[in-house]
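In the two complexes that follow, subunit A is the common piece, with subunit B as its partner first and subunit C second.
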Partner chain A sequence: MKTGLDYFFYADSVAIVGATDNPGKAGNQIVKNLVEGGYQGQIYPVHPTNKEICGLTCYPDLLSIAGSIELIVIVISDFGVPEVMRQAAKRGDIKGAVIIAAGFSETKIPERIALEEEVLALAREAGIRVFGPNCVGVINTKNNVDTTFVSHINKEFREFSFISQSGATGASIIKFASDQPVPFGFNKWAHVGNMSDVDILEILAYYEKDPDTKAIGMYMEGVENATEFLQVAKRVTKNKPLLILKVGRSEMGSQAAASHTGSLAGADRIYEGAFKQVGINRVSTIDELLDAAKAFSMQPIPKGKKICVLTEAGGPGIICMDELGLSENVEMAELSEGCVKKLQEILPPMAIVNRPQGYIDMSAAALEKAHAEALELVLAEEGVDGVILISVPPTFLDSTKLAKEVVKVTAKHNKPVLTCLMAGDWVKDARVLLETKAMPTFDLPQRAARAMINLVKRNDFLQKLEKEGK
Partner chain B sequence: MAHPLIQKAQQERRSLLEHEAIELLKAHDLPVSPALLASSSDDAVKKAKEIGYPVVLKIVSPQIIHKSDVGGVKVNLKSAEEVDVAYREIIDNALVHDSDAEIKGVLVTPMAQAGTEVIIGMIRDPQFGPCVMFGLGGIFVEVFKDVTFRVAPISPDDAREMIEETKSYTVLKGVRGEKPKDVEALVNIITKVSQLAIQEPDIKEIDLNPVLVYEKGVALVDARVLL
Partner chain C sequence: MKTGLDYFFYADSVAIVGATDNPGKAGNQIVKNLVEGGYQGQIYPVHPTNKEICGLTCYPDLLSIAGSIELIVIVISDFGVPEVMRQAAKRGDIKGAVIIAAGFSETKIPERIALEEEVLALAREAGIRVFGPNCVGVINTKNNVDTTFVSHINKEFREFSFISQSGATGASIIKFASDQPVPFGFNKWAHVGNMSDVDILEILAYYEKDPDTKAIGMYMEGVENATEFLQVAKRVTKNKPLLILKVGRSEMGSQAAASHTGSLAGADRIYEGAFKQVGINRVSTIDELLDAAKAFSMQPIPKGKKICVLTEAGGPGIICMDELGLSENVEMAELSEGCVKKLQEILPPMAIVNRPQGYIDMSAAALEKAHAEALELVLAEEGVDGVILISVPPTFLDSTKLAKEVVKVTAKHNKPVLTCLMAGDWVKDARVLLETKAMPTFDLPQRAARAMINLVKRNDFLQKLEKEGK
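Take a look at the complex of A and B:
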């Protein structure tokens, strides 16, 4: 039995009002995404004169469609929306509407605020739930429901779902995610727009219950009902990691956020404290969010905070240590004497083992086998909760062979391993191989470090919960 | 029901006077230093004797917020004579500053020993509701803005975390051979202020500045409660 947001994320049929055969227009891209993405439900393009769009029969209006419709996407301009909603109401079978059109309450113009209220009243009356207006709606990578006009590319399904308060940030993060060695597909993705009906909290609660969602990410400018938000977040973080890119870290950023969505950006230090209190991982940039998304969706949460840095190159290893050292959450791994001795035996003589503690510079002479053996040794150590493996594969090292070895070793241990292969396209195949096996890869050491810090923070919070429960 | 002192202040359309603020905090189990209101110089001498020398005298008037700025505070008074003179000076200064100021008396408190100064405050945020702030006093707050917030209610673990996450926590841990300061006493104040803020929704702001923290215990020597 479908309820609430299921009608969006699991819509059996979608009508696109404002579809067009004119390529490059949003109303064309949406139809194209559904068709090319392989959406299996019924697709009904609606346009007053077009006969066919992307090979599909086009209808002049909603009332001329004989089949049943669950979801409509409204991509016509502002003042035409009430009429569409009236038709939708008249049909009686429509359960959800994504209103892409802008020019409503976000303009702060009384006439346009009233327009939004009118549309919403019509929808409420007919039992139709609304995303937006001024939004791009939802994506479900599992069944290829996609109401956005972000051009589609095939992606690997990852158990990470995303909510955005900004369409452009949300869309660009889809693009960045697609640009990963193995294109990263958000399980579910939603952009809320004006939140006249469906809001962040409802989506958050939906993701909380979604069995396909292992962790949740969000881009946030501000919330209206902070108290309620904290209550929901507190419940969510008991079960799932919640990563939020909350902007407004500086006074200037805050002002920009306030004028963008009109939401109260609020005193940043209060957000900072409140997020910590309810176990939200606050991230600072899109990169950090995406890197953490990869780590959380593919790797286990470490059981402690002791991290080992295993590097084939000095400089990158130090950059990684710098980043880890700036975090108060991470400690360096403790290696047993036996482990240190064995590492010295298997690694080239110029290797620097456990100096400083938990840091191993294997040296550039370390080949595939040495990487794998060293990784195996440290992963087996009790004093190691997670490993960052860094390599700048030289010409004489076969990076795909290295990747295969790493996959083999890592599979035996339930500890997070984040791999940083620094050689651009030269190591693309190796990174694809790793990510196909759910081993996240990073192009820069500080990015791997930030992702690890986020994993450690999550464990810190889980331990705090456990302590409070006792 | 709001505390009677809050009700009274509301009726008179003002915030709590310092001695009322102290009484309210005491009623909520906060470790405030004793404070007695004196209505004459003789009375001040009597109260000073009760509290024990040395003492501090502070003007109490709804019109005078920044007491030190108008010469309304005299510290480290060691004898009846000093208290007598100080009392008169404070009243004179207050009246010079504002001849219409309604003077409720002079508050006599013990002179606290020097300790590490911290600030604990509460503000009611329009979105999050009551939030408690913690920071080390002096330049740490003014220049470095090294403060941290949590939303009430605040658990002891959260309170500890907020103290530990300030950069100036290093100072509380003890620097240059000093022993560590009583962090648990601060945890106690933070959690109690958070409870007070929830119980008394009419309080807009609480400002405990400074709170002096020692190796063992604290001295809560100044309190402002705004309605």
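Take a look at the complex of A and C:
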């Protein structure tokens, strides 16, 4: 049976109040996203005079629609919203409303704060749950529910879901994810706006129980009740990785956040410590968030912190080591004498094996076979919990052949392997091949390193939980 | 008159010893790069039996070539090199040699160290300067000299030149630069290998005097004589920005560097301090290096440290502020009362103006005209030294129209404007338009922020020099 947020993420029917046949307007894009995105439920565009929008019959108001409606999206402007809510209440069948319109409590103008309260009171009385106002709403790539006006997003199904406290950041993360070698689609996505009713805590709890969500990401500016948030997060992280891009790392960032969502960012060090304690993976940048999301949704969590760096290229390998070395969480892999000896046998004479510990520079002379054999050898080692494989394929190395070998070897072991192929478009096909087989690729060594650090941090936390018997 | 490194970067004729008609081999790619890259000088492939390579007559050895030769590229293997050098010496006209072959002093094997010494002695006696061994050589995009076997690189002419202590890092930076909205080609590029003769100091000094080079970048693992390096760097930075990606930020990175080039990375804090003192812009990642390179070669240096952030999107603006706030170098812009008032008039009512200081969230309702007018207003302010403009163009904002307006306004002021358009392929055309007009674009707000911090650091150093009367 449907409850709470199901009416948003699994809506059977959607009415868009403020739909329009004027392309380029949000009210047009929302209908277009639903129709072209392949949403299978009923779609009802509502506009006072338009007769047809995106090939669908258009209705003058909610009360003129004969079929049942589960969810409404309100794109008309501020002071028109109460009347729409009254009509919705009169119908009796509507369970959820996404209010995209801005101009409510976020303006801090008393009249508009009252307007938000009025709308919410009407919704509450009618048993309608509310997203927003001043929000973009939800996306579910499983059934193509999409209340946003974000255009051209990729809806490939992945097991990573996202919550954003900024519509633009949320939208740009989706777009950024679409630009990956294999476009990375989120599973569920939500932007909460003013949180007059549904807030980030409720969405977090919803994702926690969602069987399609394996890992959760969030862009966060601040919350009113940090204690409550940390309690929920603590529960969530027991079951799923929680990646949070929390701004406020600097005073200037905190101030900008405060003027945006009115949220008090609070002393960053307190957040940092609390996040760590409850097992949140805090990330610093949009790319770190996306990279970690790729790693978590495609690869297993390492069983320990011992990482092996296997590189075909000196400089990039060193850059990777430099980044790993800045983390307190990672240690370098321990290779057995036998493994080191075999590596020396199979690799070109220029190779630098296990110097420093856990670091193997295979040299530019290493071909596809040497890459695969070396990867096989280190993955089989007890002292290796995960591998970062770096290659800058020269002209004489077939990168798609390499990719196939790497997929084959990795599949034999339940250890994370992150690959960094650095040669622009030249290795695009190989990267597509790897990502299609659930092996995340990165274009820069420090990005692969950061993703691995996030995986190791997650294991650290899980081991801590286990020790504490929780 | 030609001297020293001119014989490499401006070679009139190139012989490739070890050329081959076997595609995929380095000795084939080098000839291909020269021919297809549009190099206008004479090209002489040398191979014992091949008659023709890439449509060019092939010669059995150097002595069989009737025309004059200025530069040779040696792609044959280690122990064959002395004989090639003897032939080169016998000819008398050869001025430079790029030895790509590896297997010399870098192996630390006495026999091979001696081999390198032998080759060098032969070259010295014949007055031939040597790049390498174990290097990729040089690229000059002005005349298409290219001794590398890096394929598919972009040779668009820019005023940024690069030195690399790692072939793979150097190659991947070029490829990475080629993937920018407008492929970013370096001016000159050099990979030094074992530095038996030409070293990074000499190239640095060469770039210092090169009129086509406006800014210099370097990937550095370590140098033998740090004091001498810092002296040269100190001289160079008086005239040109010097961006260095120096590994060794962590102990693990230092160790990996030591096993690669044998260079002692030294305590990182000492490097950090010394770099700052001599005015080197130290960067942490490949993307920071490229982003700063774009900023330095396209935009003016700010006259001060007061930066204005003008954003259409709350979250991304805050992420940018967060990053700027982590820098000691940047301060936020000071806007006059009149400017603030006018901004409030022209921007949508939801806009947040100058809260915090120097930060303007124009709101998602700001259209092309509002972006342009706001940019014009802040650029005209005395308290603004540079602007970061961020936009996540929604469907109803025409991003190419926006780009045209931004170019027009920016051209009126001699202040750096860095733009961050975040919407993936959706804004590709706009980014191409901006970069074609020498306005660098970035896909993530923290990258634009880091690039601006690098520009401000440069001005800080120049002002310090001026104060000291140097």
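Going forward, the second predicted complex is superposed on the first by the 465 of 470 C-alpha atoms of A that agree within 3 Å, B and C clash if a C-alpha of one lies under 4 Å from a C-alpha of the other, contacts with A are read in each partner's own complex, and residues count from 1 in each chain.
Please note the rule applied: contacts are C-beta pairs under 8 Å (C-beta built on N, C-alpha and C of every residue); 3 or more make two chains touch, one makes a residue touch a chain.
Predicted model only: the values in this text are computed from it and were never measured.
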| item | value |
| --- | --- |
| If touched residues of subunit A are counted for subunit B and for subunit C, the larger one | C |
| Partner chain in contact with A:F396 - subunit B first, subunit C second, else both or neither | second |
| Contacts of A:N414 with subunit B and subunit C, given as first, second, both or neither | neither |
| Partner chain(s) touched by A:T436 [first = subunit B, second = subunit C, both, neither] | neither |
| Touching partner for A:E221 - first (subunit B), second (subunit C), both, neither | second |
| First, second, both or neither for A:G273, with subunit B first and subunit C second | first |
| Subunit B versus subunit C as contact partner of A:K467, first or second or both or neither | first |
| Touched partner set for A:G314, first subunit B, second subunit C, both or neither | second |
| Intersection of the subunit A residues that touch subunit B with those that touch subunit C | none |
| Of all residues in subunit C, those that touch subunit A in their complex | 24-26, 29, 102-103, 106-107, 149, 151-152, 164-172, 175-176, 178-179, 219, 221, 245, 247-253, 255-257, 259-261, 284-287, 309, 312-319, 321-326, 332, 349-350, 352, 355-356, 359, 361, 364-365, 392, 394-396, 422-426, 443-446 |
| Interface residues, subunit B side, partner subunit A - complex | 125-129, 131, 147-151, 154-155, 157-158, 161-162, 165 |
| Contacting residues of subunit A [partner subunit B, same complex] | 222-227, 230, 264, 266-267, 269-270, 272-274, 276-277, 328, 464, 467-468 |
